Each structure stands twice: as structure tokens, then as C-alpha cells.
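Below you'll find the structures, each written out as C-alpha cells.
Two complexes come next, and they have one chain in common, subunit A, joined by subunit B in the first and subunit C in the second.
Then we have the complex of A and B:
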């Protein structure tokens, strides 16, 4: 009897070891796939100069919001640059959302909200519509509704009836009304609020829920996984695959899966900078758009990879941080247009990255990269 | 007078007080919380002060330089409505500064001018459009914001996205508690003001019953929070509160409440025009309770405006000044300001003067480039301005200016306000 038990234990142990080996090997294979090919769109090849504030992928089309208008790329080529002369509500374009049902493109600018459809712009401003404010930071489409993040609260525009609804501190739990970004989930819409943390709006039951920094201190993080890391939230991204929302702040990265919070700071992760302009997540991937490079976190392998240009060589740096803090440094021949990252979107396995000096198209390849000893 | 060294000492002690406040804000003493507090609560997991970030973005290259023969400095100020006096004071001081600072020609034959935006009224839509106009149409090289905390937040949100340095007169501490590298505050924050007020109220005077009157707006709310923290940090009872609707303040009810339950001191965290009416009403009603005003409440519209420690007149025994050069410059400013306006400059007006001088100085050093001007602001240390000595710390605060000044029988005098005493 004892002998049978012992054999059973040994068998179980071997199974576990085997599974661990398989898992490690698979994880290594996954993690060794990096964005090593970058195609950049800058003033050198006809793209508007300076900052790209947002990027939105729509099939083979890519919309990029810049300080000099809205750029449309098709199949990797610049097709048109829309400006206020074409009817756009403002030159500085902060956000773009595409209505998959109608094909209409909604554009949030510093000058109001624009709708582009059938080759025509329709503009909505504070004076001409129910738009809460002309400083529009975010826009998102949810069914028949268009949600708009403005500096004076959130709008919900009903495209069927043309009616506007405004949510601010008077009718929702906004600590402050300054709203920076929107992410739409199946059941809730999430909002990043400057000074007010993250707010969610339950679509079925029509109620708001705030998620705020529990220590109440702006300059401190009292405990590591205390809750939201800071109340000034720059962006939010709902991941439908993991049922988790991610919130970026200028003081680190937070995630909440409905039960647990996890916070990530530069000092205890592979995050390259705590100053994060935007976050985007899908599957096991989380991309933090920081002011010192693009940090990618794989939640399954617990591995961080940061992409940034090496200012000395102009080549690409790939910094890998594995669990336990084991770091590796690699190099690629092409790299991001700039290390200051503002936004990102997915196109299949590729990514499009908005930087402070142009737009970058990243292609994930299993190609050979050179390991550089540090 | 508090010497510069005294200022520094006060600031250090106040920082210690802030830490104590954090410790007092421990979670409810559940077993889990107690366990954590024993292990790591004494040291926060992280803080902006120790792990902050500086600006790593672009725009320092010449391609980002502002073009044209005229460079604009943006100024947001209320130019109509109940705060008009406050706004006019800022404009007068800013114009004087521009005149003084550009006596020597600017590099490359450029001229500098003020681009003034009217932020009057509660309409945020209007203010946003004014900010956009200054940033995009006037291409201001830097934007100076008034004491209005809401408008300052909106400005810094735009500044952070577009890359525009902001010099603010707002005392709202949260504007610089974000790790945004684009904003710098010239005066003392609400936190510093309330800490020094609370020390004077509760420690030096030993008072127990303090009434805090605030506006029902952003600035009032953050001021009240700061005052509550400051009282709690000293173990003092929380002040009683009256919140006024700034659009329709009910002064009669306020006076009735004060008569019914007389406080030992009153703190006003309101707009300056509301403070003026309250102070006048209290006087008329025979209430002689000491009244404390925040810097925002003591602006030009209060009718009590003054520049702390500035020479009021040549033979004014109460006036205090720093070294000889500073004294002469301040005296000149105060004298010319009085000639133009007929009244003494407020602390905010003095800060507006300094903000323009700092911007001209930064442009001289860095050229017409917003990011490089920002870098120059970040380097400001021991700048002897009209409002006092200005040093920007890593977060953009100016921690050296902590003054508590008393006005009694038309004479200003320094109160100790020093937690070390």
C-alpha cells in the first residue's frame, strides 16, 4: 500500500515537472517573438511633423491624429491629410473611433467633435450642439451611441435620435469632470478621469461606479497593490479576453480583474517609465505608452519587453525583463520614430504606435536579433 | 520677518508634518491592516518625491521654435464680473514686468508681448476656447494662469498634451501633485498655507473653535480638504464649515450662524470679492473675531490687497524688506503700481510680475522654444522676485515662500507662523 502511494507520488511529481518544462519552453518561444521591424512615417516622408496623439486601425486603413490634422493611411501609404480647411473641427486631433456598422469616423479634437462620413465632415461644438466642451480627449462608439470624453465631463450622443446626454459631477460620481479617455466593454464603458480615477458605466443597469486611489494621497503609493495607483488617470483599456481593465497614470500602471488590483512601477517591474500616456491591452498583452519607450507586458509569462530608439546609435533597443528581474538587452536595425510614446493600436499581429515625432508601424518577427552583453 | 533660512526650516518641518498626516490616514485597524502597518506602513511603497520623472519628450530642437518677430506670453485672468479687480491687478503687474524685463533688447531683434485671455465666468466652454486660442493661435511660449484652480487644471491638461509650460498663481496643491513636468507654481500651495495657519491657530493661539468658510467650487473644496488635513495633523478638532454658493452667497445666514455659535477665529477660503463682503459685514455687525484669509481671498478684490513684506512707504515702520537691491526693486514696483491703480499690489499681482520676468529671462536663455523654456523654469533657483525668493523644486513647487501676515489698524506685520516656535 505504502509502495503504491510512493509510486503515485513520484508519477505526480514527474507529471508536474514535465508540465513545467513544457510551459517554460512554450513561454520562452512566445517571449522570443519581438517587434524587430519598424516602418516610420515622419516629416521626412510626407507625414505631418511633430506629435502623433492617437492612432486607430480600421482594417487596412489607419487613422492618425496629429497636431496638424488627421492622417489617413491605406495599405501603409498616406492617402490624405485632413485639416480644418477640409472641415475638421480642430487641427490637434486627440482621438479617433470608427463605427463598424456605418463606417462613420468620429474624431475628437481640440476644437470639438467631428464626424466624417461620405466624404463630408459634420462638426459638433460646445456652442452648436450638446457637446460639453470643445476640448475633446477621447471618443468611442458603443452601438448607436457615441461616447465623448471632454474636459467638462462625458457626453453620450444618440446617433439615432440626435440627442445628447451629459454626465459630470452633478449626476455621476465624478470627483472632477476632466475626462481623458474611454474604453468600451460588452457590459460596461470605462472612463479615465483626470483627478477622479476610473469610472465605469453599467450599460444594462445604468449606474456609475468609481475606482479611486484608496490611500487618498496624491504624492504617495502607500501599499503596492492597494487599488488604483493614482487618481490622475491618463487612459483606460478594457481587455475582453482577461476581463480586466488597465489604467495608466503618470505615476505607474494599474490593473483590476474584478477581484484584485495589481500595480506596476518602474522600480519593481520592467516598465521603462512611470510616466504613461496611454495603455492598450488584449489577450495576454499589455502595452504601456511611456515617455521613455514602449513597454510590453505579457501577463502569462510575466515578461516585460521595452522598445525604444538608442539615442547613441539610432538603432533599436529591446530591453527584456523576465520574472525575478533577469534582464537582457538586444538590438534591432530599425526602431520607433521616437521614444516618447502617446498611443497604440493593433492590426492583426502588428502594432501602430503614435510617437512624439511620427507614426511607427511595428511588425513582430521571429527574425534574428543580436544579444548585446551589458 | 522670516529670513530665507527660516523659510527653509519651516518648509522642512512642514514636510515632516505632512508625513505625519499620512500615518494618521492609516486604513481601519483590521487585522490585515495592522499586520501591514507593522511591516511597511512607516515607509510608503513609493512617492513622487523619490521616484519622480522629468520630461523626456522632444521639441527642444530648433524645428519646434516659435517663428515670427513677436513672441507672446499668455496670461489667463478674469477681466469682467466679480473678479475683475483681481484680473486687472494681474494685468497691470504683468505689463509692468514686461516693460521692465524687456528694457534690454531681446535676442535676434524679437519683441515680446502679452496675449491676455479673459477667463471670466463659470463657463468652462468659454475658458477652454480661450486657452486653445492662446496656445494655437497666439502660439504663446508659456502660459501664466491666475489663482483659479479649475482653469489651471484645464491649462495644464492642454499643456501636458501639446507641450506648453505653465506658470501658475493657483494655490491648488493638486496641480503639482501629478508628476507633470510642464507646470510650476510661484506661490505657496494650499497645503503650505493651511499648515502654517493651523499652526498659528491651534498651537500658538491654542484655539479650539475655528470656523472655515469656503466657496462651493473646486478651489473652495480643495482648500477645505487641506485645512482639515492640517488640523488633523496637529491633533486639533476639525473646523466647523460653512460652504457658500459663489454665485449667490447668503451672507445673512452666515452672520446668523456666527452670532448663534461664535467661533474663536474665522478662516476664509473664498473668492476675494466674497471675502471683502464678509469682512465688511463682520465689522458692521460688531464681530471682532480674528479673520484669516487665504492668498486667493486676499487678492485685489478683497480691498485688503497687500504685498507681504513690501515697503508700504519710505517711513513705514512695519514694512520689512530683504537685501538692499530687492528692497529697491520692490519699492519701485509698489510705488509704480500704486500710481497706476491707487492701491497696494496683492501677492498674486506680485507673482504675476515675477512670472513674466521669469518667462522673459527663460526666453533670453533658451530662445523661442516651449520645451527649452520649460527646462529653464525647471532650473530656477533663488530667483529674487517681487513676491519673494523663488526656487522650483522637482515637482514645480516653490517651497520657500511661507508668510503669515497680520493686518491690524491699517498696519501690516509679520506673524511668527513658524512651527519651530
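Then we have the complex of A and C:
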């Protein structure tokens, strides 16, 4: 009897130890899964020089908007650089959206809106269509509609009827008409409005709802986690997995799941900078494209990882901030093309990152990086 | 706003006063009407008025066969009859009609499921497709699709139906399990006919009209290519210098694998004097070599163009195209010449392959090439449209729309074997007589064109600007106009010189266009009766209950306003509704100078066009300079002469356009 009990205790102990080992190994594997291999596309290898304003992945194709046209990469190789000579509406390309249904590529430029389909461009401008303004920052496809974010409000273009609808301060709660980006959810479309917070448009009931900073446009955050962190919103990203929208501002990062707000600031998180140009989220991952690097936040592990070129050495720097403020610093042999990050998109486990000096392709590897104590 | 007449500069002020008086009176009437105004309701089906009793009587019900398919074994010939709104089954052995099914309004296209058990018929005026049991001829379902569907085909698996919506400029993709349209792909301009590639990987769509482009540029039409595996547009192939691409026939790989698409080549940028050199317009074939699968892109398609015309005679209005199963022969109907050209495809291929690259472009303009590859010209019935070849290659069948007959060609002798009478009415009504004339090019010098040549799809505008005034070479270029709903909108022509259609279609057409004796008086009256019968298409922008949307309502208020946005009174002649009066088809039927004349125009004032169905007929203004409705005000109204619009913001202009689309 005693022997049986002892055996049973040993067996339980072994099980617990085994589970602990498994859990530790899994956690280690999770924690050490970083973007350590970076392939950069810059003027040095045939990419247009300067800023890459946007990047959109479409299967094995990647569309990158630059100040010198639209770049199409296929299987990691530059296939074509489209310019106004090819029929593109403007040289400065600010946004790209692919209609998965039709294959049409919608392109927002500083010369209007373009549709690329079947090898041909069709352009829509303020003078020749119902487009509110030719400075197009954002574009998104929602069924038969194309939503367009411009400096003079938001357009909804019905591709079936050819009708254009304009939403601005006259018919929707826009504090400012200058709209930067659009994210389409299952029931709502979200808009990032410069100085106007986030707006949502309810698709079923056709009403607008504003989300703003409860303390106004102050650069102080007086009401933490009670609303949007700031009204100057640069981008918005709907996460269908967590049913949460994320909003990047020039003064921090916010999320809202329909019930609770969360605000993230540099001072008490792993966010590398409060000046955020864009945000993108899926599953547990949130990527903040900041002026000082790319910060990745895992909402499940509450861990932040920032990627950037080391300002001193130029080598890859990976900054890890765990819950409770525990920080680690690692190095990688390759890194982002620039630390000023403008946009990002996912390609499976990989990411494509638009920077101020070229496009970067980040490949996630299980860690072989060197941990450097600080 | 300055008003003047084209006819005389002398007495301009008197005329100005007269017109101003008329306009003021009209304004009062129109203001009252505007208050009472209700959107137009859908028009009833065509009727005529009995001259004796004054009562409405139904039009004689002709059949007008327009599209055909053969059963998989070739035994049954299925024929779509647009006027009788039926689909017929003809036994090709007995050559008799054995089945009939009533379908929707104005059926125009037909497809057969891969297993041969189901027919699909597009109903252009109903915006639907009828699904029919091919054996029992019972209607199984009616499937809603886009605006004014014509061509259609299933994919190879028979799971998806692709439907070309002419007015929507798009393609509906219908899931044949659920019967629901699940996506719509943008096509070119006015997609009409459609074909599944032999290997099933592609859908080809021929667009009737050229892309909307500046009037001083040669037209470029589009062959839209759809990838059936991903159901997306894979390529938009440019067919330069061509319009009115119709049916698509694909040669088997052993014969080169070319696509053959009949087209018309307008020379609209040349002064009309060119007709004397045989260069006003020509008819031919686009010969398109498709890309290999998975290597799409417009650059992957090689486009050649050859003419089917001869030096001294033209084969107007190519329409149907079919190839025999072995690819030896291609048959192309000339719907305006009542002829089918039998093309020896080996000779055609030889011509294409042995013409040096530097001279390939010349082929598109050489009137001596057809003799190299056209083996026969077969005279068939009136207005041959569709043509199909039997699966065994023994026969070909041609639908003669204006005769209600089908011509049967024995392909062994390449001669007409017989004619099948489909049983249409024997008597020919005045309108039918006019309709026949409308499609008949024999009245034109060398048979170059019929009325339908520049007004395809039974009255549409070809969307091109033409230089029609011979004495003024290159000047007074004017945009073609639709014939739909023009009854009661006289005078005609942009300069308003033709007080009625009898003048327009009689001596004016004979003198300036056909360069022939033209029509007799009776023929002119018949033709006018037909043209007057052409109704406006149903307007899909207006809800079926005629209820305006919020944007349309706001736009209507702008159209009928008499004050600017800041409250200033708009002079009567600068209000939309003064010149575009709802009392008269939204035209005042006078000449107005709205500041759109260019240095190339010899007159300053132009006929005010009616606005009904305006959205369906770009480009705009007398010379086609305005490619979109927006352009009229954003680019060509700098001094508010074309109505006061400079006070409108962008959203208000959009609203105005939304209202105009409902007319």
C-alpha cells in the first residue's frame, strides 16, 4: 500500500515536472521567435529612392507605394515599377488595397485614385469623377464598395452603379475632414481622422460614431484607458480575431474591444516611441510603425519587441520588454532599412515593412540571436 | 447667358429677345411643373396608335432570331427570338420548330450547360437570365443579374455562369447551385458577347464600344480576359482603332488557336471626304493570339487586324463568328450586307505569318487582303446575326433577324443548302420595314454602312466624334448621338439644321453620309416610324417605385433651383431647367451658346440635347470633349455659361449628377 502510494506520488511529480518542462520550452520558443532575417529593397538594388509610404501583400505579390511610383514585387523580386507614364494617377503612392473578389488593385495617390486591373489603369480624379479630393491617403475595399480617405473627407464609390458618396463635416461627425486610413471590419468600417479621432460607419444601420480623446487634443493623458489616447490619429486597424480596433496616434497607441479601452505609451510599456505612423494587428500581434523603429506587442504574453537599426552601429537591434518591465537587448546581423517606419503588412509569418528609406522583408526565425546583457 | 442662332448673326438681338421671352414663359411653366414633378415611371411595352380609332394596338409580333446554340449532338438548334421573347428549338433533321418557351423581355443571348441539359437565356430588358430545361423547355428559375445582360456562358464545370451586362459595363458571376450572383467584374465599355476558351481556363469578353477617351484620339477597344480558376480579370487586351467587337470564335490549336472577333474600324478623325477614297470606315476581324495559360497580361496577347471588305464593296457590320470543329473554315456574318464570309483559316494564318512585322500594321488598312483568305461570300437572309457550326462540321446555321429565318450552309460545298422558316408574320409593318432599312447597308455607296453601323445595339451612339461636314475639312467635329427616345426632340443635328427626322434620314443622310440616292419617300417614312419607336432603356439608377434617394432628391433641388447657395437670384437662362425643360424630354429644342464652342467650330450655339438616359451615353458636349458628366462643369464651364454651377461644392455636384442619372 505504502509502496503504491509512493509510486503514485513519484508519477504525479514526474508529470508535473514534465508539464513544467514542456511549458517552459513552449514559452521559450514563443519568446524567442523574432524577426532576425531582413531583406531590404533600397535604391542600392533597384528600388525607388526615399520613403515607402505603404505596403500591401497579395499572395506572392507585394505592392509598395513610394514617392516615385508603385512597385510590384513577385516572389521577392522587383517585377515592375509603375509610374504616371504607365497610367498611374500620381507618382506619390500612399495606399494600396487589393479586391480579393475581383483581383482589382486600388491605389491611392496624390494625383487621385487608380484602379489597376488586367494590366490597365483606370483613374478617378476630383475633376473627372465624384472623388472628393485628389490627395488620397487611404483606400479599402468592402464588397462592391471602395472607400477612399482624402484630405477633404471620405468617399464611398459603388463599383456596381458608379455612384460616389462624400462624407465630411456636413453629413458625418468629422471634426476634421482630413482622413488618413481605413480599416474594414465585419460590421463597421473604421477611419483614422487627423485631429478627429476614429470614426466608424455601421454597415447595416448606416450611422457614424466618433471615438475621441476624452481630454481633448492635449498632449497629456489625463484619462488613462477611458478613450482614445489622442485625436491626431494616423491609422486604424481592425483585428477580426480579437474583435478589437487599434488606433495609432502621434502621441501613443490605443485599442478598443467594444467595452474597454487600453492606452499604450512609451513611458510605461515597451513601445519605442509615441509618434506612430501606422498600426497593424492580427491574432495576438500588434505592430506599431513608429518614428524610432518597429514595435511589436503580443497581447497574450504582454511582451513588447522593438526592431530597429542600432543608431550607433547600424546592426540590428532587438529590444524586448517583458511584463513588469524586464528588458533584454539582442542583436541581429540584418535589420530594417531605416528606423523611421511608415507601414506594414503580413505575408504568412513574414512581414513587409515600409520605411523612410526602402522596403524591408522581415523573416521570423526561432532565435539564434545573441542576448547581450545591459 | 448669351443666346444666338447658328443660322444668322444678323438679327441676333431680335432672336435673343424672342428666345428670352420664350424662356421666361417656359420658366414659369417649368417652375410650376417642377413643384409637381414626379420621376418618370417605367414605360409600357411598345405599342402603336391606330390612325383611325386613335386607340393603342399591339405591334406586330415578329420573332427576330438573334442568338443560337446547338445541342451537344447537333440535333437541336436553340434559337433566341428577341421580339417574340421566346426561345425556340428546331429539329435540325426535319428543320422544323418543335418547342417554344416564353422568356423575359428582349432576350439576347444563350448558353448551354456543359452536360447539354440546361439552357440559359439573357433577358436584356428584364435584367435576368432564364434557366430552361433543354429537353422539356420548362423554365426552372429566373436569375437576377446586372444591367441589360446579353452574352453569357458557363464555365467548363457548369458551376458558374458568366453574364455580360452591357449597360453596367461589367460581368455578373452567378453560382449555379444557389442561383445567386456572387461577384461582378468590371469589363470594358458595353460588353456584349462572351466566350469560354476551348481549354476552359479563360472567359473572353468582347466590348461593343471603345474606351471613353479624348475625341481626338483613335478609339481603342478592349477584349476583357477572365481567369476562370481565380475568377478575376487577367488581362485587358487593347484592340486599337476598332469598335463594335461582337461574337468571338476560337480556332482549335491545330489551326493556330486564334480568336476571331468581327469589328468595325471607324475613320472618324478624318474628314468625311475620305469616303470618296473608300476610307470612311471598314469592317474586318481582330485576330488575337491568346497567351499560354498562367502567363497573362495584355502584352502576352498578339493582336492583328484584317479587313473583310473588298476594294469596291464593303461587308458592313460584322456580327456573328463561328469556326468548324476542324478549324478549316471560319464564318463571319455581315449583318448589314446580308452576307456570310467564309474564311479559309489556313490562308488567313498564312497571310499573318508571312507578312513581315514592319507591314503587319498595314494589314488593318489593306482592302486587297480579303481576297487572299475569303473563300466564299454567301448571300443569306436579312440582317444575319449569329452563326453556329454543327459538331460534325457538316452544317452551319445563320440567324436572319429581319427575315425570321435560319439559313443552312452545307460546309462540304460551302453553299447555302436551305432556309428554315421560323414562322414569323408574313405582313411587314411600317416599323418593320423601317427596321429592315435601318440595318441594311445596301443604300450606302459601296455598301459601306447602314444606320445601325453608327447606331449599334439598335439605336445606341457609337460614342465617337465625327467630322461630318465635307466642305469644312476637319472642322465642326461632332459627337454622335443616341436614337433612343428621340421622338419629340427635334430639331436634329448639333447645329439644329434638320427640322425633322424625314430631313435627317432622307436628303441629309443621302448627301452627307450614304453618298447615294438614299431612301425613297416611303422608305424614309418607314425608317422614321422605326426610329420613333425606339424607346429609352429602363433606367436602373431610378428605383422601380420611382422613389428618389436622398442624394437624388438633393440633386433634384439643385437642378430646379433659382437661387445660388448664397441666396442670389440665378438669371432664368442660367438655370438648368430652362434649357433642359422637363416639359419636353429635358430639352428646350433651341440652339444655345453655353461657351463650349472651340476654334474648330464654325458656329457658337448648339442644339440643347435631351437629358433622358444621359448617363448611358458618354462622352458629352457637342464635340465629345467631356468624357464624364463631371467634366461638363469641372472643365468646360469656367464662366458659368452652362448653368450656374461654380457655387456648388463637390458633394453638391455629385448630388446633381446622381439626379441626372435618374432621368
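The criterion applied here is as follows: the second predicted complex is superposed on the first by the 344 of 374 C-alpha atoms of A that agree within 3 Å, B and C clash if a C-alpha of one lies under 4 Å from a C-alpha of the other, contacts with A are read in each partner's own complex, and residues count from 1 in each chain.
As a working rule, a contact is a pair of C-beta atoms (placed from the backbone, for glycine too) under 8 Å apart; a residue touches a chain by one contact, two chains touch by 3 or more.
What you see is a predicted model, and the numbers here were worked out from it, not measured in a lab.
Trainee: Answer with clash or fit: subunit B and subunit C placed together on subunit A by superposition.
Mentor: By the criteria stated at the top, subunit C and subunit B fit after superposition, with no clash.
Trainee: According to the stated criteria, A:152 is in contact with first (subunit B), second (subunit C), both, or neither; which is it?
Mentor: both
Trainee: Quick check on the superposed pair: does A:79 touch subunit B, subunit C, both, or neither? Answer first, second, both or neither.
Mentor: A:79: touches no partner chain.
Trainee: Look at A:219 in the shared chain and tell me whether it touches subunit B only, subunit C only, both, or neither; answer first, second, both or neither.
Mentor: Once the two structures are laid over each other on A, A:219 reaches subunit B alone.
Trainee: Can A:195 be said to touch subunit B (first), subunit C (second), both, or neither?
Mentor: First partner only, subunit B.
Trainee: Of the two partners subunit B and subunit C, indicate the one touching more residues belonging to subunit A.
Mentor: Partner with more touched residues of subunit A: B.
Trainee: Contacts for A:50 in the overlay, against subunit B (first) and subunit C (second): which applies, first, second, both or neither?
Mentor: A:50 sits against subunit B, while subunit C stays out of touch.
Trainee: Thinking of the overlay built on chain A, is A:315 touched by subunit B (first), by subunit C (second), by both, or by neither?
Mentor: A:315 sits against neither subunit B nor subunit C.
Trainee: Which holds for A:127: it touches subunit B only (first), subunit C only (second), both, or neither?
Mentor: In the superposition, A:127 contacts both subunit B and subunit C.
Trainee: For the superposed arrangement, I'd like the angle with vertex at the C-alpha centre of subunit A and ends at subunit B and subunit C, nearest 10 degrees.
Mentor: Once the two structures are overlaid, it is 90 degrees.
Trainee: After the superposition on A, what does A:209 contact: first (subunit B), second (subunit C), both or neither?
Mentor: So A:209 meets neither subunit B nor subunit C here.
Trainee: For the combined overlay, can you note the least CA distance between subunit B and subunit C, rounded to whole Å?
Mentor: Least C-alpha distance: 6 Å.
Trainee: Taking the contacts subunit A makes with subunit B in one complex and with subunit C in the other, which residues are shared?
Mentor: Residues 126-127, 132-133, 152, which sit in both footprints.
Trainee: Touching subunit B in the complex: which residues of subunit A?
Mentor: Touch residues, subunit A against subunit B: 49-51, 53, 67, 90-92, 94, 110-111, 126-127, 132-135, 137, 151-152, 176, 178, 180, 194-195, 214-224, 226, 230, 232, 250-252, 265-267, 273-275, 291-292, 338-340, 356-357.
Trainee: Under the definition above, what is the set of subunit B residues touching subunit A in their complex?
Mentor: Against subunit A, subunit B makes touches at 22, 25, 27, 36, 40-41, 44-49, 51, 53, 55-59, 63-64, 124-125, 128-129, 131-132, 136, 153-154, 157-158, 161-163, 173-174, 177-180, 218, 395.
Trainee: What does subunit C use to touch subunit A in their complex?
Mentor: Touching subunit A from subunit C are residues 146, 168, 170, 183-186, 222, 224-225, 227, 230, 232-236, 296-299, 540-541, 551, 627-628, 630-631, 634-635, 650-651, 653-654, 657-658, 661.
Trainee: How about subunit A: which of its residues touch subunit C in the complex?
Mentor: Per the touch definition, subunit A meets subunit C at residues 101-104, 115, 117-120, 126-130, 132-133, 144, 152, 159-161, 163-166, 168, 170-171.
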